[in-house]
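Following are the structures in question.
Paired with chain B in one complex and with chain C in the other, chain A is shared by the two complexes that follow.
Up next is the complex of A and B:
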């Protein structure tokens, strides 16, 4: 008994550093944000208690709904797109071809490059007059577009760039998942005469589902927090606020208009939304996951 | 493997010690360089980068050499945006700088919470009547409830830049920039049509260029059309008035006709430098940034005005033109950090920087407005004006210069206005529609705001 308790203690000791960091930098700020969201505060003066009025204002703020909708739009397109392409690439990279290391590196380079640097390069690609994209379209005699300056195209442009940027990260996770699938299952399937598609449908897809579920959950959380590329590529939230996402909106409220209480009310609402989404994933979607 | 790890560890150690050593050396160098021992150190945060930063650093160094009591430590924060964030964060941490550049909206907040020093108290101990020498519009811009709280520091006005070579090419007089808004439309039409219809000419050249959703330019035009921005009490906007509708329709019509183009950020400025755009409206400070890359003759002129009651002959008399421009740029605050010596040092520096001679030099080298009337009249300034006629445009406009409303919610209002202006030139519907919606939305903010 005494021995077991000792073991418990050493486990807590090992967990200690992480717990301390999580509590100081994550748990406490969450409660602090919740508290400040009931105040009006411009940083200079002292906070003034206003009750739930920040939340009431939020419920009535058209720009909040617009930014929420834009964020959902971003997530709804970018998450499935990212999963589709990264799974496809991972399956290709899972083949024993020569110079596989180079290909894996190539797909991973965007991930380790600073998002700010990447955004500046993509700004050039999307430039209406000198951009690479319009130059390519010109070869096929397609009319040039204004891309990031066009309310219709601005968000798709950001999504496409973000998917490309994050691809390598998901590819690595899918590769790990694919390598966990026992080879003998494929051999057996081939002996039974299963086609490529049938092998994917009945072996790869179900056995990869824990990985897919993980990637889906993490990507959804990440896409609700999209900020840097929007900030870098579409200042002021894009043409007609078409790329105004929720984190950028709260950033503007906090650091440009100095309404900290209101910004934190937005932040806390976002936290609740992400929490609800993740809970839904956990309770509902995880049932469909096939843990072998 | 183990040897490799040990070798890596030693390499790491050597690098760490090298960095620590280097840090010590540079810290030592900074101390020796400053020679600040025994002097009161005054921390000054600003946002003057590029060519402006060079002038700023030069002047600060000269100030530090000119006397032995105070040492100004100037820190460039990169941009106004970053500066404002840093200043606020420093106030929360109670580590505010002694002086910083700021916009009026923040100044008002600082006053309310007693974070800055009232300059009237400092001026009172001076033998010279400084306030009487400050350019009136700048004095008014920095006076809150009858008291001077900030000092105009780097104020600028918008001007018209025009390409004299293009003017000459299309048969316009290069020494006669457009005086009225109508004249500008005519000029732009002439320029654009010439390049479209003349064989061999560059077809991409157009008349007027500006940036998208340009609130500053819109406000200037409202004044030129004889309108107002917001009511005296700050509770109601005038954006649904005819002057505002005219101001918006003016731009829409030029864009529709294809004689003007809107760009993102500084696109119009780059088009001007490349000789693609004949006329642009921009801050006088852009001159400092553009000058070195312009390879043609260019002129700098006051913004055109509008003749509200045209005479029957429809001739243009200078005296009948209603002109108006709006100031831009920031002021300087002295923070109340509780140390009278630092406050005295901060004031001494501000006084020196805005004095007749240094103010004139700052103005000539950066194109920012000088603070004092005596700087404008100084021999130094007059000589510079004779040498470069393009320098005069900002000073000429001082007579009809205004400033934006100093409301606590003004940044929010500006942002909202930009949205409506953007929509107006994107959809190209009737100007009334956008102006009325703009007025409605802005009024909703103004009604609830505490001023």
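Up next is the complex of A and C:
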């Protein structure tokens, strides 16, 4: 039976529209890029084959390691922070309280706004002289900071803004997941005298795990590709290159210094890092996911 | 109000408090943005540590500090100079005398600087087309991934996820070359066709479809229901909630997309709103008032549309939990 089903090629009819477009616009360009990463090319002259030397140069490039470290720093703080707060808010919203629609709307508003517009607003909030943040800190007699111009603060500022921007998105996903958990499980647990923490640990956490897995996977991939807010808020990689993330480095190499071969070598290294992470998630973490 | 104050469960007080504090953080940047968009440069570029929420035009007199009164005095002076200048024949007027600030000036400045209405129409057309078609394609693919067993299924799934992992910036160069060979640069096709397939949407819907009872599928197919019938008559109606959620996500993503349209179009007639905003942003530099006005204009249609779709959206959330 299983063997017979396995020869079922007709499923590809359903996949065709998606596959055709993904292959043409997303997969073939990857191979094209892969080929170019072995060349030295400024897009104007003819490409010159240089073998693996782009990759060897990468292994030796301190700025690449710095940008990789900055990206890991961004991901390691922003992903858990976003999951923690969005799960917390989703659980608060999953109670039978009044004004729930208003809260839902409020938390979702940053998500619907564009990163460009929001980055302009936060640039102004973080402004050293006229910014709102320093004015608020002044109330608590905290000295003004230069925020985006400070090597220590620039990245936390971007992380905070990014978590703020993306929070509502994850809240909605977690909320949908929470509402799929049958209510009678909680009632049974309460009758058995389970505490709130025990209910979370033994009902919410395991039954929410498909959702958590989804959010974790998507957020990790997204955070390794962070670009727009860094580009809009800290041009040229920030003070002492403290916000130089890997995609920004790639962009700079390609569109400012016209080293397309080298830029695509960076892209592929990043791709392999992300792919390895995702494969690990799928093979290892998804085993712990509880599908009903 | 009575309803909010009459709390049945004391735990709800704590919940409301936490949610209100969080909600304040979520909203205040927008309040600040809108407020700043009605302020003149003389109000914005002040080193005063005071947080002035209301712009001068909306402030009752008793709130005015000495600094405000000085500023209002300076503006009145500017108005007098301007009026005097206007009495002269046009040719003799001193060009250095600027018109005094009026509360809507930032919006006028931004609206005149770029043809924003054209950008809105372009963005609307591209966004609606992409959202509708990509949702249909994604649901077909997710259906196959969730319910069928077929050769190379895991490989196909991993490859599809793989397309999400390569940074868009790396795809820009080869795609640009390819689209220009097709002659699609500066056409709506280049803004629409590459985005009709979304790996994210497929993954998202697959997660939901996997939670639908598989026995139902087995039973229906044994009873002679074709797969497409099952998709059309069972899966789609059951998955209205995730489809609405995804539709909104997709609409927002496309409305807000920036780097791609920036690269594949340079014709002003095809420019979308985000590209328009970034052009304006580099043009306006540190003129925070007009920048906040332009940001407000970019965000406002989305917020309005979100409120219109809100009912659907909330219903979709509510019904997700009902089916068992």
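In the analysis below, the second predicted complex is superposed on the first by the 278 of 292 C-alpha atoms of A that agree within 3 Å, B and C clash if a C-alpha of one lies under 4 Å from a C-alpha of the other, contacts with A are read in each partner's own complex, and residues count from 1 in each chain.
Quick note on the criterion: a contact is a pair of C-beta atoms (placed from the backbone, for glycine too) under 8 Å apart; a residue touches a chain by one contact, two chains touch by 3 or more.
On a predicted model such as this, the values are computed, not experimentally measured, just so you know.
Asks: With chain A superposed, do chain B and chain C clash or fit?
Replies: The answer is fit.
Asks: In the superposed arrangement, does A:73 touch chain B (first), chain C (second), both or neither?
Replies: After superposition on chain A, A:73 lies in contact with neither partner.
Asks: Check whether A:55 is in contact with chain B, with chain C, with both or with neither, and answer first, second, both or neither.
Replies: neither
Asks: Let me test your reading of the model: by the given contact rule, A:186 touches which partner, first (chain B), second (chain C), both or neither?
Replies: Touch partners of A:186: none, neither chain B nor chain C.
Asks: Give me the angle at the C-alpha centre of chain A between the C-alpha centres of chain B and chain C, rounded to the nearest 10 degrees.
Replies: About 70 degrees, rounded to the nearest 10.
Asks: Contact-wise, after the overlay, does A:239 reach chain B, chain C, both or neither (first, second, both, neither)?
Replies: Only chain B is touched by A:239; chain C is not.
Asks: Now for A:98: first (chain B), second (chain C), both, or neither, which partner does it touch?
Replies: Touch partner of A:98: chain C, not chain B.
Asks: Who wins on chain A residues touched, chain B or chain C?
Replies: Counting contacted residues of chain A, the larger count belongs to C.
Asks: Between chain B (first) and chain C (second), which, if any, makes contact with A:160: first, second, both or neither?
Replies: Neither: A:160 stays clear of chain B and chain C.
Asks: For A:267 in the superposed arrangement: first (chain B), second (chain C), both or neither?
Replies: So A:267 only meets chain C here.
Asks: With the two complexes superposed on chain A, say which partner A:89 touches: chain B (first), chain C (second), both, or neither.
Replies: In the superposition, A:89 contacts chain C only.
Asks: Determine the nearest approach in Å between the Cα atoms of chain B and those of chain C after overlaying the two structures.
Replies: Superposed model gives a least chain B-chain C C-alpha distance of 6 Å.
Asks: By the touch definition above, which chain A residues appear in both interfaces, chain B in one complex and chain C in the other?
Replies: Common to the two interfaces on chain A: residues 43.
Asks: Mind listing the chain B positions that touch chain A in their complex?
Replies: Touch list, chain B to chain A: 81, 85, 88-89, 91-92, 109-110, 112-113, 115, 212-213, 264-265, 411-412, 415, 418-419, 422-423, 426.
Asks: Spell out the part of chain A that touches chain C in their complex, as residue ranges.
Replies: Touch list, chain A to chain C: 2, 5-12, 14-15, 17-22, 24-30, 32-33, 36, 43, 85, 89, 92-93, 95, 97-99, 101, 103-118, 120-122, 124-125, 129-130, 132, 134-136, 138-139, 164, 167-169, 172, 175-176, 179-182, 210-211, 214, 218, 221, 224-225, 227-228, 247, 250-251, 254, 260, 263-264, 267-268, 270-271, 274-275, 278-279, 282, 291-292.
Asks: Which part of chain A faces chain B closely enough to touch in the complex?
Replies: 42-45, 149, 151, 235-236, 239-241, 252, 255-258
Asks: Could you pull out which chain C residues touch chain A in their complex?
Replies: Chain C residues touching chain A: 3-4, 12, 15-16, 18-19, 22-23, 25-27, 29-30, 32-33, 36, 44-47, 49-51, 137-138, 140-141, 143-145, 148-151, 153, 156, 158-171, 173-175, 178, 193-194, 196-200, 202-204, 207, 210-211, 231, 241-242, 245, 249, 252, 255-256, 258-259, 273-274, 277-278, 281, 288, 291-292, 294-295, 298-299, 302-303, 306-307, 310, 314, 317-318, 320-321, 324.
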